[in-house]
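Chain naming follows the written order as A, B, C, D and E, and within any one chain the residues start at number 1.
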Amino acid sequence: MTLLQQFILPRLLQWVIVIVVGITITFLIPRLSPVNPIQQALARLTQFQALEPEAVLQLKEQLMANYGLEGSIVEQYFRFWGNLLGGDLGPSFGAFPQRVNDMIGRALPFTVALLTFTTIMGWIIGIIVGTLAAYYPGRLTNLVAGVMIVVYPVPYFIIAFIFLMVFTYYIPFFPLIGVFRGEPFEAEFIATYLHSTFLPAVTLLITGLSFRFIMARALGTAELSSDHVQYATMAGLPDNRLMYSYVARNTMLPQVTDLGLSMGAIFSGTLITEAVFGYPGLGDLLLQAIYQADYNVVMGITLLSIVGIATASLIVDLSYPLVDPRVRYR
Amino acid sequence: QPSGLPVDVPREELFVMDQIFRWSVIDNYNVWGPASGTPHRHALMFETLWYLDQETGNIMSGASNEPPVYNDDYTQMTVTLVDSLKWSDGEAFNADDLVYTVETVWNTPELSFGGWHAQFADFLESVEKVDDHTVTFTLNRPAPRFHKNFEARWAGLYMMPEHAFSQIEDLVNYTYQDGPYLGLYAPVEMDPNGFWNLFKKRDDPQNTAVCQYHMNEDCGPGYVLTILYGDSTKKVIAMTRGELDAFMNVDFEAFESLLASTPTAKSWYPEFPWAYPNETSSRLIRFNFDTHEWTNNKDVRWALALSLDIVQLQTEYIGGVAKVVYVNVPYTPKLAELYYNHPRMQEWVENLEIDVAGEPYKPYDGTVADRIGEWADEQGYAQPAETAAASYGSGWWKYDTDTAAKLLEHNGYTRDGNGDWFTPEGERFSFSIQAAPDEVDSFRVANAAADMWNDFGIDVELQGLERSVWSANFETGQFETDAPWLSFVLPDGDGWPQMRSYHSKYYVPAPELHNALGGGTPARLVDPVLDELIDAMESLHPQDPQNLELVHQYLQHWVENMYYISTVSFKKFVTWNELYWTNPPSAENDVYMPLYWFQGGRFSIGGLESLGG
Amino acid sequence: MQTDREHSLLSVESLQRVFVTREGFTTTRLEAVAGASFAIRNDQPEIYTLAGESGSGKTTLARLVLGLEHATSGNMYYKGRDVLHLTNKERRDWFLKEVQPIFQDPFATFSPLKRIDSYLYETTRNYKMATTREGIDAHVDEALHAVGLSLAEIRGRYPNELSGGQAQRVSVARALLTRPSLLVADEPVSMLDASLRMSIVNLFRSLRDDYKVSVLYITHDLTTAYYAADRIAIMLRGWVVESGPVEKVLGEPLHPYTQNLKNAIPEADPEKTWEGDASLAVMDTEEYTRTGCRYAGRCPAVMDICKTTVPRDIEVQGRSVKCFLYDEEVPEAERMQAMANGGLVA
Amino acid sequence: MFGIVGLFTNIRDLMKFSGAFRWGFIVLVFVFLMAGLSWFSPYEEDHRRDTPRGKPPLTEISIGRDDDGERIYARTLLGTTSQGQDVFWQLTFAVRNTFLIAGTAVFIGRSIAILLGMLTGYMGGVFDRVLSTIIDSLIVLPRLPLLILIAAILRGDITTLGLGVLLGIMDWAHPSKRYRAQVLSLREREFTHTAVFSGMNPVKVVVREHMPFLVPFLLADVVSGFLWAIGMEVTLAYLGLGQISVPTIGSLLYWGNYYNALLLNQTWVLIPAIAAAVFTVAGFYMLSQGITHYLDPRTRLTRLGVSDS
Amino acid sequence: MSPEAAASAGMEQARVNEEARNVVEAEGLKAWYITQAYGVERTVKAVDDLTLSIREGEIYGIAGESGCGKSTLLKALLGEIVSPLTIVGGKVEYEFDAGKIDALKQTAEDREAIRWRRVSYIPQGSMHVLNPVRRIRDTFHDFIAAHQETTREKSIEMARSYLQELGLREGVLGNYPHQLSGGMRQRVTIALATILTPRLIFADEPTTALDVVVQRGVIELLKEVQQRENSTLVLVTHDMGVHANLTNRVAVLYAGNLVEEADTSTIFRRPRHPYTRYLIESLPRMGDRSERVGIPGRPPALDNPPDGCRFHPRCPLATDICRQEVPPLLPVEGIGNGTGPPHRVACFHQVDAPLEAGEIEHATEMPHAD
């Protein structure tokens, strides 16, 4: 019995099952939606026009064919898997004849960049500040903690709106929507990119940070009373060493686990933050797609998120021993 | 302060206008194909034969500047084209282009996302070039409205460049990015994320219909940027920051705050009620006749109408900025003349009597517009010199809850000590009204109705639904009452194209899609009188006086039955910031409408004058 | 190995338990109990001790006996019945009544969030030892008296309101409620100080003598084992290396490991200090995976054969020893030489 | 652990014992009072146009007429909304309804989570594997999009309670995993074996022996559940997918935003709602901190006045 | 052990005693746990009015039942006073080469200078004090670098050679704590505490919960460390066997009070305090299966200790005076050779009879004074 058979393969199998189940659920749910993509498209295509009844019927058929919505739901399901395994997510309904692949391809880098940056920064800063707060309890710490606890429940979009008002209206420094000039990786592009991404990033950072801070402080406080920290303290180890190698380092296991899983929660955050700041990422795309019952786009994005989160948690599971040598695979 | 604009064009050459949605199809300008997304672009890049202006009801010149000529029995239509237009590559526009366009659409269903293919397939016998600028259409049966296919209000059949397209193999998937175009502008840059699109003026503006209309060799800004900032708040901020020259619409409150911060901003009227009031549509309260029995009682519907205080609705809820209408015909100057102020209609409405428990009752109240004017005075608003009716629309139904109560009681409804109404079956009289909050005025109409009916003693629940949910609901008949928008007539006064879908032959029971047979209405109304009128209109030319009479009859019958409760015309805070560009359409400059994203928007854009950087 | 199942209270035959653990990216197969055999007699109650250093598999063996762990192979009989394959019902209705545990840490035995008497009532009720309220109280009180407590003393108290000794006694009392024939006590005194230790061990003796309860007493404290037990089995890395009457095994240990254990006991006498060098275990797992004798690595009298071959159990001097030093098949000269090398007494 | 009788003494003890609890308790009492006040509101819950629109706090407004038809004037405490409602009284309804939603969600979510977490943790084996895989599949589903989809499917027909139930049904996978882990470790604790040898069946063991240990954990979890539920309620309302005519914290924000409160500087319609969310969550947070600390065995020992001999 | 060996051990002891000066002196030490629970103050008098001195180079044992204040005493002697532990009175002084140091008033700098270099500590449960996610070598580096200039290479090299001298294999350095057995971890902790050659080592139950074999290894290691540097070892354990094997002098604590203090052989041969006698008599011995009893009753709660002699409720010799007056800790006259520290006992009814090895005195046979 090797590790591969005992642990890695079953874990990989689980990964596959999780993704298949997840995708099946997201395949079914939009199809229960009362919003009919054909009607939606019809309304879009014929707005302000008085159309012949015959033309309406003909258009409908045309749309059905275009969207690949013919056949029973089972047929559609298998066709969907066929396409998916061929790497094709089909056409968008809302933006026919665009391919979902292309649409996601365009939006993905923006969201990934934003998410990676804010998540990792939030994670690091949150842990540092939280650990400091655990290590130096006192008035200042309580103040910071108080602020964090207050910020924590404030909805994403409220923070986003406040930033929007303050930094685009009263102090009109940042652009109102994502403005990107120049070719990728040119100086101008980077400058405009940073300029446009700043506000959404800070919004996400703040909300992520407050949670991370609270968690890091709680874990740090618990760790402080552990035997090894107390012993090292008695032995007169310097504060920064204690904080870094004895407190923060030991809270990594739950923090890393949570980092993997929090990708899902953050995804929710980007959804609205992107909409508020006119940021061309997946969130805004998804929101529109849901409204238009654009199944293929909804599927494409949720699929991405499912695979992303499942993979993140797979990696987290597999890397536990690196994070905490005590962990045993069972 | 860094510029928030995504393009590097000198501001004095650039006109920035609010893009009405985020483009999801990128770099595809094939408006005939399935990628179809026309707003802004059709005004900037394309031409139809004619343009029907909703402000004036006039036909304005496009690729043709003469009305179509039909033969006597409406089986042949002849079109004369303008001879001075050129495609942007210098090639002259001529009859070949029109014939090619019609034949291509006729033969290619995939290139017919305005529904023209079906129309041609239905009516067209042949299309022939007579000479370089004359084309004759032979029809397989009388079709007095065949020219409507070429006449744009929002959209019409756009001309294709025969010399270029005939070279293209797969026209359906052709993205048409490099021209040639017949309009004044050509796209030069597009945001890959669909938030904006930059257009550049042609080198030969004198060869376009727009500049010829304006009799200006070099009309219009050098560049036009359409850009989507987002909701009202963001649009107002953008305009305050000087990064937006025109926007489509904002909320009343946002507009007021803009006026305070940006003195150069201006909508249709320079003073109250500011907003552009003449878009061809109106807000109403709709019943679902199929699923809820009580809606089928005319008296109940009238009782509901009489228990609404239209003045309060228009002032308190809409802010006084839309015109009141008692039927689903917007109160544009042209339509007011054809309907509200037409002697036949006027006489009819003033003497209209309904039966209230056996007693005749005159429900019409002609003082509504004046009372709104008084209210505006009270608020201290300066108002335009026009008559109150021109600003505030028609009369409406009396606010008479006693009569409404009588109507209900006559039908077996009862009221308890608290003033709450109960149905003849003894249940609380309650229903819901659905509306989409982002359709601001509709939602506020629903809001007002719910409030007032609650005050009257009916338990009305207001449901604000996300737009797509709301529309899915009415499409499948999942509503009791709701607040949509529509007009029974076109800007020129014709009624048939809109009214015909109420023909009972299109009736589909809920919960099937209301348009499962192509036509049909969400209200699922069946009325033989309407059927007769619709059938009669079909063979009449729109401008035929008999047609107008039939439309009048239709409207009268409609009102007498109070099938829908119409409330106010459409209004939009189309707003121009005269910081870089001036001379937009307005109440003082009302030769055409200001909805720049419509096909006719090219006149507005072409008429702009630079104020320098 | 076959024991006398019929006449044994508990007979354990070649019991084996293998754990597979993965640590980091390596897998280890660990035979925590490797073919252990012993029997507790039925005719007369006895205290049977399992002793051995830490990690020698005592707890695992106890858990196997209690049915908390599944055996990888081997047999186990209780009163002649196979108890490795009991149905849940049999287990609950019969076995759990007969065999009851006493755990090492009296405070871990009871949930700190519950009143300690609730366990007594639960046990009485669940095994239907009494039905009426008074009956239950009386039954509980009786068990408590057996351990020198009374219901009045502990009623309504939380575990941490009792002293360690009291809590451990309650634990014993709880086990006695079902009138078991066998108590399995896994290191019941290691957390207690000397004085409390004695009171618990004395309690076992009186239970055996007055209540006819056998005790499987697991410990690494050889002094109390010597003091209380009748017979003893010494465990080493999953093996039972020496077993027999306690006076014999601990009085004159034969196996080098037993001798080492005995030597390591600090005597409360300043004049008796340790002799010889201590030989310390290296990593636990290393010895488990060794071929040959598991003690070969630190045995002072190691022979070549020890490093390659697993010794068998030899009956010698009234006990059973798992060591080549006493194996007739190994040339005597070689054995004497090895003993001399190791400084062992023959 | 909390007998009904002991509840009050426990609360009194906690008040003395923990500053966090004290503050959390006071804040929550305040929040509950707000909710309770809703039953004494002079206005109906879903009624608009009760007051002049968009008036700032402490303005004198007409609130109707007395029997003689004379206008009655009063100051509004927190101002009025653009729909003509008194912010203060709307807030009382909002707090009540949001409590109902979040409370239902938390109750349902945690019930499922505890049940499944404990079962999978205690039973182990195939049962655990299958269920854990299902739970894992649910965890990877992005919940907000799913919720938006479902809310859309329900066509805005979703009632306050219904939303709570829906949220509850969506929020159990994460916590159940955590409970499972707890039970897995509790299962190995010796008192579990004691319980088994005392003849308790698995359900009894889980409920009587393990449950009490999950309480501190549960409390922390309830806070995050509350936060999530409020967040989702608010987000759905913001997207116009809730029942926006029912006052909730979310719908207050929705309407404030709908009427451009920020642009118009009518912050008084937004701030109370945000404050209510913050107070509720922060209150629960502090409360749970206090209780957790109180239940911590280490502090418990000194608290109970026993030595660890 | 042969009689000669025993004699030489005794002589060695005497030699230490004669030459040595006191390294630690505690006077009237009161270390109480003062807790605020529910706003109600509770005081646990864990160490109450205790005076002792420890000589340089000796192994000083502290014995007593669980919960009698042994660990607290060590913490107080170490000067590690963390709330709720409070020094209510008394003083603790160290004397190394350079004058006296007040142990209870150490500043952060003092601590850095004194801890681990001069005074070091092996806490109770020392197998659990290593950082579980840090390799042993890094922990060594942390502890060394905290007190002296070093580089990683240097400190690891230092650790390596030290561990080798102490008979731990080198591979240990690369391991994580959980990869070591309990005994090995304990030995690593001992190495950590002694690598900087402290003059004074406090060891708190370094061997509880270890099996005898490992216990023996650990104790021999401690002894080796102590002898190599001739440092002073203060050893706390309730295992009398360990005391007998290792210490030179033993102090017996009961409920926060020092009740008897004498050199090891005296404590085991001629204990005078009834409690000490119980403690030693109740121990079972190999080769002897006759019945022994524990001390009756249970230790008092330290937040409300009995008046008078704290042992009186359990003492068969107790009289009224025991219930009313606290017996003073006084030297026993005429015992010892007069040069070493005196045998001190706090009892009104001292028993002056030798305890014969192997001889059992039944509790009921304890002579009654009344």
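Heads up, the rule we're going with is that a residue touches a chain if its C-beta (ideal position, glycine included) is under 8 Å from a C-beta of that chain, and two chains touch if they have at least 3 such contacts.
All of these numbers come straight from a predicted model, not from anything done at the bench.
Counted as hops between touching chains, the shortest connection from chain A to chain B is 1.
Any chain bridging chain D and chain E, meaning touching each of them, is among A, C; the list is complete. When you average the Cα atoms of each chain and compare centres, the chain farthest from chain B turns out to be E.
Rounded to a whole number, the gap between the C-alpha centres of chain B and chain D is 46 angstrom.
Centre-to-centre spacing of chain A and chain C amounts to 55 Å, using the average Cα coordinate of each chain.
Computed centre separation for the pair chain C/chain E is 31 angstrom, with centres defined by C-alpha atoms. Chain centres here are Cα means. That of chain C falls 52 Å from that of chain D. Across the assembly, chain D contributes residues 152, 155, 239, 262-263, 308-309 that each touch 2 or more other chains. Residue positions 66, 179, 298-299 of chain E are each in touch with at least two other chains. Residues of chain B in contact with two or more other chains: 233, 237, 466, 468-469, 472-473, 478. Chain C makes touch with chain E in their complex at residues 23, 52-55, 163-166, 190-199, 201-202, 205, 220-224, 226-227, 247, 250-251, 260-275, 278-284.
Interface residues of chain E facing chain A in the complex, by the touch rule stated above, are 78, 80, 111-112, 115-116, 121, 123, 125, 128-134, 138, 142-143, 145-147, 176, 178-179, 192-193. Contact residues on chain C toward chain D in their complex (touch as defined above): 66, 68, 92, 96, 100-101, 103-105, 108-114, 119, 122-123, 125-127, 158, 160-161, 163-164, 171, 174-175.
On the chain D side of its complex with chain B, the touching residues are 46-49, 53, 82-83, 152, 155-156, 239-241, 243-245, 258-260, 262-264.
Of all residues in chain B, those touching chain D in their complex are 232-233, 236-237, 251, 253-254, 256-257, 316, 434, 437-438, 447, 451, 454, 461-466, 468-470, 472-473, 478.
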